[in-house]
Amino acid sequence: MAYIYKRSEGLRDIPMHYCPGCHHGIVHKLVAEVLEEMDLLDEVIGVCPVGCAVFAGDYFNCDFQEAAHGRAPAVATGIKRTHPNQPVFTYQGDGDLASIGAGEIVHAAMRGEKFTTVFINNGIYGMTGGQMAPTTLIGMKASTCQDGRSAEQAGMPMRMSEMLATLDGCVYAERVCVIDIPNLNKAKRAIKKAFEYQMAGKGFTFIEVLSTCPTNWGMTPLKANQFLKEKMAAYYQLGVVKDTAQEVK
Amino acid sequence: MIRLTFDTERCKACELCAAVCPKHILALNADLVNLKGYHPMGCIDMASCIACASCAKMCPDSVITIEKI
Amino acid sequence: MMIKLISAGFGGQGALAIGKNLVEAGMREGLEVTWTPSYGPEMRGGTANCSVVLSEKRIGSPVFSSPTDLIALNLPSLNKFAGKVKPGGNIFINSSTVSEKVERSDVNVYYVPCGEIADKVGNPKAVNMVMLGAYIGVSEAVKVETVETIIREMFAGAKEKYIPANIAAFQSGIDFVKQYE
Amino acid sequence: MAKELWKGNEVIAEAAIRAGCDCYFGYPITPQSEVPEYMSVHMPKHGRIFVQAESEVAAINMVYGAAACGLRAMTTSSSPGISLMQEGISYIAGSRLPAVIVNCMRGGPGLGTIQPSQADYYQSTRGGGHGDYRTIVLAPSNIQELADFVQEAFDIADYYRNPVMIAVDGMIGQILEPIEWRPVKRRELPPKDWATTGKRGRKTPNLVTSLFMDPEDCDRMNQLMGENLKRIEENETRYEAIGCDDAEIILVAYGTPARIIISVLDELRTQGIKAGLFRPISLWPFPEKPLHDYVAKDNVKLVLDVEMSLGQMIDDVRLAIKGKKPVHFYGRAGGIVPTVEEIIEAAKKALKEAK
Amino acid sequence: MAKELWKGNEVIAEAAIRAGCDCYFGYPITPQSEVPEYMSVHMPKHGRIFVQAESEVAAINMVYGAAACGLRAMTTSSSPGISLMQEGISYIAGSRLPAVIVNCMRGGPGLGTIQPSQADYYQSTRGGGHGDYRTIVLAPSNIQELADFVQEAFDIADYYRNPVMIAVDGMIGQILEPIEWRPVKRRELPPKDWATTGKRGRKTPNLVTSLFMDPEDCDRMNQLMGENLKRIEENETRYEAIGCDDAEIILVAYGTPARIIISVLDELRTQGIKAGLFRPISLWPFPEKPLHDYVAKDNVKLVLDVEMSLGQMIDDVRLAIKGKKPVHFYGRAGGIVPTVEEIIEAAKKALKEAK
Amino acid sequence: MAYIYKRSEGLRDIPMHYCPGCHHGIVHKLVAEVLEEMDLLDEVIGVCPVGCAVFAGDYFNCDFQEAAHGRAPAVATGIKRTHPNQPVFTYQGDGDLASIGAGEIVHAAMRGEKFTTVFINNGIYGMTGGQMAPTTLIGMKASTCQDGRSAEQAGMPMRMSEMLATLDGCVYAERVCVIDIPNLNKAKRAIKKAFEYQMAGKGFTFIEVLSTCPTNWGMTPLKANQFLKEKMAAYYQLGVVKDTAQEVK
Amino acid sequence: MIRLTFDTERCKACELCAAVCPKHILALNADLVNLKGYHPMGCIDMASCIACASCAKMCPDSVITIEKI
Amino acid sequence: MMIKLISAGFGGQGALAIGKNLVEAGMREGLEVTWTPSYGPEMRGGTANCSVVLSEKRIGSPVFSSPTDLIALNLPSLNKFAGKVKPGGNIFINSSTVSEKVERSDVNVYYVPCGEIADKVGNPKAVNMVMLGAYIGVSEAVKVETVETIIREMFAGAKEKYIPANIAAFQSGIDFVKQYE
């Protein structure tokens, strides 16, 4: 009797509050699996955001801190600088990271802080009920742009990976998604690579996961996946944005 | 032999697992309602399962466990 | 009259809308009314409830620990609130999804198979309309006509076609609880 | 006018629009996100400005920019967001700008909970920011007052060139209640000749600043502001007293607890206990003298201060009462709304102890 | 030990290092930039961590991260920067983390001036952030006390799992005075078993958070914190009283005005006026009872509260005195340090009015 | 009798507090001249930073607001949104703009706010006495990096123009300097172009002026100019970084 | 004829003007000290001035005015 | 003894260092001392001053409105503070840069051509050392030897070569004011 698949040791045996089909749950699993595979669960310190993933600290089977909205990169800096040999990561949504926390993520990247950021870009403020995020696509509806986002009113959506990649301290940035198994596998490899670079002391590593928020997109989980594939990935190109070890593609 | 276990009380009927199953053998069970109010997912043709684990990998809520027995 | 109602269910079941319709009707009939929602942390799939007060005089507290009436659309809501209902109060249970029974004997309990009734009138989404009907049928908190007017206004314009089905669901709820008389 | 059912948060937004709010800048946060949502739809319809700011820090500074141009500017948030605005509020006060800020308080400290609270009383009334300034703080306890006060707030802010805060516990933002859109009294307002509108032929440019490098100037500015604050204390104190004239116990509360206490009073009086409610409506300026005068009367044995916090307004209650009568306290923190029953029990306990 | 000449700001930094501060995060601001400058040089020499944060918001959150790992973490700033930290301080308090924060107060509000001030008293003692929390606030009035208190602060913070603020007016940071590096008393400290160090075989992971979604939990947490605060009130109140035993007028002041008043006392006594100084050292918890007891005595006619602000501590003075004696006020704002002559005049005027 | 050169009407007749040879004074003049030449002095609303230019509002002959440290872009957003037809600009130092105000400038650029930012990059915190800025060069000494900035401790210096240029809302970004007359003339043309684009409603415009801080660099003004030319301009390349009207170079 | 006027009280002796003068005719006046404590800039050879205005454009403190008279 | 000195000048002229040397010396001689700087908004070129107290008993206020002594290295400082000096007090003026005279007759004024003297001893930068000497020569606030020790320690090590020139400047200041005796 052998397990072909069971819940990673990296997650605690607690039901998650995420909505049906929300990608937060999937990405939690990938991070947990990577940490387990790399045998880092006893060492790692995670930082969760304010956003739907605010409960991540309850779900992961490792030490965690809950940061103020947007400040996870500053909190992680406080941790990593004082624990240079332990793995540290932040897990942040797009409201948290790209809006209120833009300054903190930019500066963590600039300083080349040696932690990993897993960035859940679902183009919306999930937890607060579906307001526009800096990453909301043009034309996409949200509760603070009910006719769809317009560039005139709110600007063009931010490509965080590309922006952070301009900073030398950011050594690795890749954009992935988890809408199907090949992409999910790629996402997991990316997360693993980020932690490997981190442990090798290379610098700041950044994984942007295009994700769905079926609830606030007003779609079924499967329709949401399709929207991600067709619309979101068209604007936010999947793939390695920067990899100093491997030369930029 | 392959055993697929569903932790049905945790299933949220998102159907992401069903969508990635290469054998199309997963479906919601309209006859059951769990405590959360969902019709939970189940396997309708265990025999066809190839144990690829796609469903389990994809499930956001870790509902599915797969064993070789 | 002083009604203190808690209406509770899964997010999306319409427990909050039941309360809103009630206070809208109450206001139109000159009552003092308040409606106060309470959400859990989940965006979807969590349990949501609202506290409703309908009164003939100035309302103090909009929230209360012991309701006079409870509408429970799902099991967690029933478990949470059933024990708090005032003796002599009313509990309305959506028996389509809740199979449990209330053990208390000092309250009136109404088991309303809202799902089945809604299906029967061809409007499976109108679970909450059925329950609203059942509640008004028993409590007579507001007039049936007032609610019907509100339903008509709610679906005025492009959504006009939904009016008959919703009124039918509402009416079926009223009809269903007649058996308890 | 006919009564209409309105939700607290939407009333905040609609009242601002009716008061001629020119621009709204805000960042979502529970339990007040309906305000920016409503604004995003309705401000453009009126040709006004809505911008979703990238943060509360940005929002309050956008308010600063627009207010310094002489416009009616507003932001809303909830506790953690208001904390982030403290520097900006201090700048607004220090630059003598009018602005309206609404805080739908939730349970703290830190991330706390999204449930209603009153634990930002200190922050609101003492200026959580640095320096000698005060925000005028109005605390409605029902939706009708909310509608009225938000409208008035813009006039008050303009009149005194001082930020006005509307402080409600999160519950008031969520309640649905019938209200009337009745006209509020309008003040005669001084011209905004200090505003940066573009120089447009003016001889000297206008400069809006809170910088006074020479401490003598800075002191002078502060004393001037201090005098303005005194004027506000004299003219803008508000409160409601119910059943205080013959009360043996006066309960002091604002916002949601105050309306809960209305139910408490009825119940206590039926039980033969003469209880009164003193409800500060302006938290700053605090209605110190009226409270003192009510409490000083012989019929009053003691005061019970009730808050949705561990006790913050109690400082002002004690300052008003000057040790004349014992002040008891009942409070729940972290998002719990005290019940009628709890307060009754607390009142009885206090009375028993007093004997 | 021999006396050495030290500048206030450098004492802050050096004292922290001597107290075992593991890491310092800060952002430059006058009049305390010498602190990060000193730290940037000396922390690395001790194998400790210095990071210049991108902002005060980042700095306080870096402190949070390090403190949550069980380390001794510190930041320093001045008024506007401290305002920006309010959300972070609320999070630190709400997560029950120890931390040391120094505020070298300058004149406000807004950008104000870089000259010394005490106008952040409210912010410091009432929590400028949201929610029911308090920071322990120590106010040294000379460089020796500064050296001692900063060292002690780390122990106090660890002991109570509560942030400690050292509040000095900017002048104290700038003064050069002889001090002695004398050992401060060390406390027995509880183990930091809540810290996120990596799970390392622990059965359950540690989670540092201030989130309590269920208001019942949040209330419980708040009540627990409230009890901790009571413990602090009981044990950590500090003050100094000079010449209060026979005083007809008691001057109340802290920080720089308090030392100026030492000169005032001499002068007044030569003029035949018996004056005393009551100097709160812990601003929170405020030494309410000792002040009350001194003032209640028959020899005391009145109290003169002296601040470098428009009057903030005066609330606590009044709360302590409970109306027993008149409380007069003399204050300069916006960076002005009151002179010996001004205070003497204010004291005489108050005495005249009292007659 | 005709003036070949006299002080621009855009500046008031008030002595400036800047140190000898500080470029703030020169850039003030250029902005003032452009505003005068474009006849915008009666319309324009400026926003000054916290930094040595905190007094700019006293010097310019046009309406001004003093923003909180780093928040000038938010303040300018409040102004420009409500005054879409009037010119608005912020004038900010590198501590103000690139450090504490990184979030605000990124978001103003993202939204494509139609104002102009004049960014004085002098690689140091001038006003507060010479602490390290995010733009301090590697090896350059500052009071919080007295052995010179190291990449390991503080990351690589930020190239703000390049970073902001990744955002679609930023339509024009150019890096200039004023160390000699040809460069000074170029700088003035760039500032003018920015205001022209602004008035044409194109979007966010950004002029980065490499500048000296002789006082905190510990150099004479002329030595400082030389350092700028040799060291600073080597890391921060002069020229157009982005010009959507003219295609990126 | 060209007139160069120096508002000497405002001069901070930075020498930026002198550095850009193509004719090298600007120099600090060691004999004067202004109220700010600087030896102010002056022109040592007016006749050679070609009125290119470089000095005036460069001066951070608007010390120099140039007129054609 | 209770000296309240203000030492003021352009940033860079060394007015603050004069004060620091004095309090260092005072401390070594067992006096109570404080030194408090005050800066203008300018980084350079502005006027800076410090308030120094040297006393035999506990010092209350570290700042004061009327100094007993004033050192003015430039004109703005003289203008700002000359009127505030206590009657009977001392004013020391760097007459190399300040040509104005003090009009008061109730104070002792010393015009010290610090620049020329410093030039003469071949140490043109040591303007403040000359003034320190002049001040100590008159006030006898601290012992000459204590200051010399401090100067020696200040330039210990690599900068040792500067010691003689600084001591010479200091000594010339002392010598210069002898004429006023």
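Just so it is clear, A, B, C, D, E, F, G and H label the chains in written order, and each chain counts residues from 1 on its own.
Just so it is clear, a contact is a pair of C-beta atoms (placed from the backbone, for glycine too) under 8 Å apart; a residue touches a chain by one contact, two chains touch by 3 or more.
Predicted, not measured: the structure shown is a model, and the values here were computed from it.
Fewest steps needed to get from chain D to chain E, stepping only to touching chains, is 1. Leaving out chain E, the touch network of the other chains stays one piece. The largest tally of C-beta contacts between two chains is found for D-E. Distance from the chain A centre to the chain H centre is 62 Å, each centre being the mean of its Cα atoms.
Per-chain CA centroids place chain B at a distance of 53 Å from chain D.
Chain centres here are Cα averages; for chain A and chain D they lie 38 Å apart. Centre-to-centre separation of chain A and chain F, using mean CA positions: 34 Å. In chain E, 54-55, 57, 80, 87, 91, 95, 110-111, 114, 209-211, 213 are the positions where the chain touches two or more neighbouring chains simultaneously.
Within chain C, residues 41, 45 each touch two or more of the remaining chains. Shared interface positions of chain A, defined as residues touching 2 or more other chains, are 19-20, 54, 66, 68, 99-100, 102-104, 107, 111, 127, 129, 134, 154. Contact residues of chain F toward chain D in the complex are 12, 41-45, 47, 54, 57-58, 60-68, 71, 74-79, 81-83, 86, 103-104, 107, 111. The touching residues of chain B, when paired with chain A in their complex, are 2, 9-10, 12-16, 19-20, 38, 51, 53-54, 56-62, 64-69. For chain E in complex with chain A, the touching residues are 22-23, 25, 49, 51, 53-55, 57-59, 61-69, 71, 73, 87-88, 91, 95, 196-201, 205-211.
Of all the residues in chain E, the ones that touch chain H in their complex are 3, 5, 114, 171, 174-178, 256, 259-266, 337, 339-341. Listing the residues of chain C that touch chain B in their complex gives 10, 13, 45, 74-76, 97.
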